[in-house]
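In order of appearance the chains are A, B, C and D, and numbering begins at 1 in each one.
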Amino acid sequence: MVKMIRKVVKEIDPLKDALLIEGLPGIGHVGRLAAEHLVHEFNGELFLELYCYDFPPQVLVKDDGTIEYMRAEFYKIEEPKPMIIVLGNTQALSPIGQYHLSEEIVKIGIEYGASFVYTFGGFGTGKISEEPKVYGATNRKELAEKIKEHGVEFRSDGGGIVGAAGLMLLFADLNNLPGVCLMGETPGYLIDPNAAKAVLEKFSSIENIKIDMEELKKRAKSMEQFIERIRKFEEEMVKAMQKPPSDEDLRYIG
Amino acid sequence: MVKMIRKVVKEIDPLKDALLIEGLPGIGHVGRLAAEHLVHEFNGELFLELYCYDFPPQVLVKDDGTIEYMRAEFYKIEEPKPMIIVLGNTQALSPIGQYHLSEEIVKIGIEYGASFVYTFGGFGTGKISEEPKVYGATNRKELAEKIKEHGVEFRSDGGGIVGAAGLMLLFADLNNLPGVCLMGETPGYLIDPNAAKAVLEKFSSIENIKIDMEELKKRAKSMEQFIERIRKFEEEMVKAMQKPPSDEDLRYIG
Amino acid sequence: MVKMIRKVVKEIDPLKDALLIEGLPGIGHVGRLAAEHLVHEFNGELFLELYCYDFPPQVLVKDDGTIEYMRAEFYKIEEPKPMIIVLGNTQALSPIGQYHLSEEIVKIGIEYGASFVYTFGGFGTGKISEEPKVYGATNRKELAEKIKEHGVEFRSDGGGIVGAAGLMLLFADLNNLPGVCLMGETPGYLIDPNAAKAVLEKFSSIENIKIDMEELKKRAKSMEQFIERIRKFEEEMVKAMQKPPSDEDLRYIG
Amino acid sequence: MVKMIRKVVKEIDPLKDALLIEGLPGIGHVGRLAAEHLVHEFNGELFLELYCYDFPPQVLVKDDGTIEYMRAEFYKIEEPKPMIIVLGNTQALSPIGQYHLSEEIVKIGIEYGASFVYTFGGFGTGKISEEPKVYGATNRKELAEKIKEHGVEFRSDGGGIVGAAGLMLLFADLNNLPGVCLMGETPGYLIDPNAAKAVLEKFSSIENIKIDMEELKKRAKSMEQFIERIRKFEEEMVKAMQKPPSDEDLRYIG
């Protein structure tokens, strides 16, 4: 078991036949970027925060001295279609934690009216592609055919999906929910608004929702700055701890 | 505790005095190959799936876009002898997970009528052997003598059995069930149908069951392709994550 | 879940509107040093010990043959202001353990009357500073402004807080308690009474408490000796275990 | 939580004011060797086995094809003094597991009548000593003085005790039981009957029990053979797994 805490930010009525959409960090930040774009475009309303004891044991500090917690946030969208969107600034650290977190997200989705699961992610190729393809996977044979008609591709040489984007399809299935994962082709080492756009275009086509992509690049920009700060923070920590005597000294004291 | 989920695929009546046979992945894939062969030869019927939160936190994607979960599958065979066969595409990742998984498999076996446990595995020697020996181990002294009569050998210099193939004999014992482990001599780095054949021959001799070995090599072939795909998937993930900035970026996002 | 044991050393009545102050080991031992100084200056009374199963699995031996356990200690101070001070000789080892430990400390604080949380720590810069700055973080916007007025700085390039000093602000928040983290600038690889003094000066200014700093350096000295002993102990263990045959032999025996 | 299973081998009445004596594997196998000697000399009777899910996930195979499980065994001795002796072929693997195992052993001891805890161990120095000293540690100040009178020494430069030998003194204390750890000076990389003898001589002196040491060296000999086998087994496993393709292949199969 991995403990989690749900903090209800706003009491809402469950939606009807909503799409649960996952946007946790991953390769190229594609999934997070795409999901966050939906929240902004369709005025998503934060209604629940999820804290998991297997998230990194830290908090982030903002410029104004206030704190950002490691957590997943649940946003509700009513129009053009009921959606519950999960954004996060981290995945769970351990394998077991990833199972529990994915299960909890699906559970919350169902409690708030989700009947279908989308997970967004990146598919890392190591090289830049002008027109990124979107690869798909699904827990229903009939959905495989449907998304293929919308131009989603399947890799002939297989592969896998690591983390919440994959496991949420398992827990969707165990709860009798259909689910689709859309992965945008991405170099993997950049924050990739192009791949996010490609994913959203397929999503838009499959669900027949119009999505304005204008702001997507701006969002990628500000995400880049944030990640640059995280990297700096981690470098500093390493620097401070690599000095003599030894980092063991940081753990014990009498 | 490690959470597990049982999904009953088909309601069946418990068997009577069935053999519970373990075929999870391991050295040379010998055990899995041998157990899978029994399922095919004797028309095993899938009745239960087991999902463990300590399996690798991922799903595999098939050519047609549908998903294969990490899980153990329980098959029922009625003729020539009642058997419950457990096939899996993974072992549990952590030591504690391996204990819990082995216990759960034995428990399920008992609930469905098992009164005897076989675990199949490979014994890695690092070199190819024309006529692979079969080494045995058992939780009953009288069984040691019995299997010796069928040509199963014991290593004079001891050794051990790691993972489910060993721990299931412990949990069999704690539930008063006799159990035997049969390990086919194998180089260890190849999928080895010869070692699987050797194991099945001893099993056939001890249990007095005729087993047609014709299809065994074909099965090894298709397993090889699958494993090749897994390797590729893992290589790609590593590739996508080794690029700058740093793989830490895959975990956090703001 | 990570098991913890509370040992009540002395039954006390809950304080009223007390400050809960964290002083577990960390960068430069700044937090621990500052918090311990408060215990000494204001005659803190030990009332509770907390043992966590995720602390290092060891005990320390003192010169007189008696034992020092890995634990956190809770001290009560009534004057000049109600305070509950937590000193420890270790942090929890695993991420999950750090969440549970931080939660438990905040819970105990609340049970004994805390309505505000301070966490003290060091901010490692890798270089020595004559006049160490104090960086702050808080879970309340209005507190950010207040501590800024007392000269606490915010880093323009962000950063984070790892371990109990950060997570206790999360659990304070989840329990509707305001909280402030004060981090003294420190090289990071020395026990740093200067940084501790800087932290205490800001604390003194914010809370309007007079604190005599005379003894602070002496305390740093004796802490240095303790840490030197720990280092020696760890070196010896490594030495004893690096010899042939192999350290695996230390785990098994027949 | 870490699951454990107690298997009662023989129902016995609790002893009165028994010594609980720990002999799990450790540095130089000193503690295990000394405790096992007591079992043999005073005809210890096995009454309980303890299986811990955090033990290494494996079984050992003996020459005759039967299996030895990873476990701790509890022996009862009535004369010359009531004793409960715990022998094991392993320690728990994780820090948390070590806490739970130590707690469970002390609990079992108390249920069967223990009112005092001894833990035996080795103190690794990296060099061979003709007349090994015995270092002590205790959870009671008055016991420190008592054992000093019997020639047990305290290290002036401190140190620590890792694993069950240390943690059992903590759990003894939390249950209001006095406890003493005796550590024989040993190179650390050999099975050391001399250090075990030194430990037993102090124990004999403190408890006023005569112990014949004749068989001690023989026992060390047979333990050496066992450990040699374990090493071989581990070498073979590594060998079998280091070959191409990759050890990842051992985990997955389709």
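Methods note: a residue touches a chain if its C-beta (ideal position, glycine included) is under 8 Å from a C-beta of that chain, and two chains touch if they have at least 3 such contacts.
Each chain and its UniProt protein: A, B, C, D = 3-isopropylmalate dehydratase.
Since we're looking at a predicted model, the values are computed, not measured.
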item	value
Common touching chains of chain D and chain B	none
Chain A onto chain B, rotation angle from CA fit, given as a multiple of 5 degrees	90
Longest centre-to-centre distance from chain C, chain (CA-based)	B
Computed distance of Cα centres, chain D from chain C, in Å	34
Chain centre separation in whole Å, for chain D relative to chain A (CA means)	48
Per-residue overlap in chain B, given as positions that touch at least 2 other chains	1, 56, 60, 229-230
Set of all touching chain pairs, with the criterion as stated earlier	A-B, A-C, B-D, C-D
Contact set on chain B toward chain A in their complex	1-3, 5, 7, 51, 53-67, 69, 93-94, 97, 229-230, 232-233, 236-237, 239-241, 243-246, 248-254
Footprint of chain D on chain B - complex, ascending	1, 25-27, 29, 32, 56, 60, 68, 88-91, 95-96, 98-100, 102, 124-126, 136-141, 144, 147-148, 152, 154-163, 166-167, 169-170, 173-174, 187-189, 223, 226-227, 229-231, 234
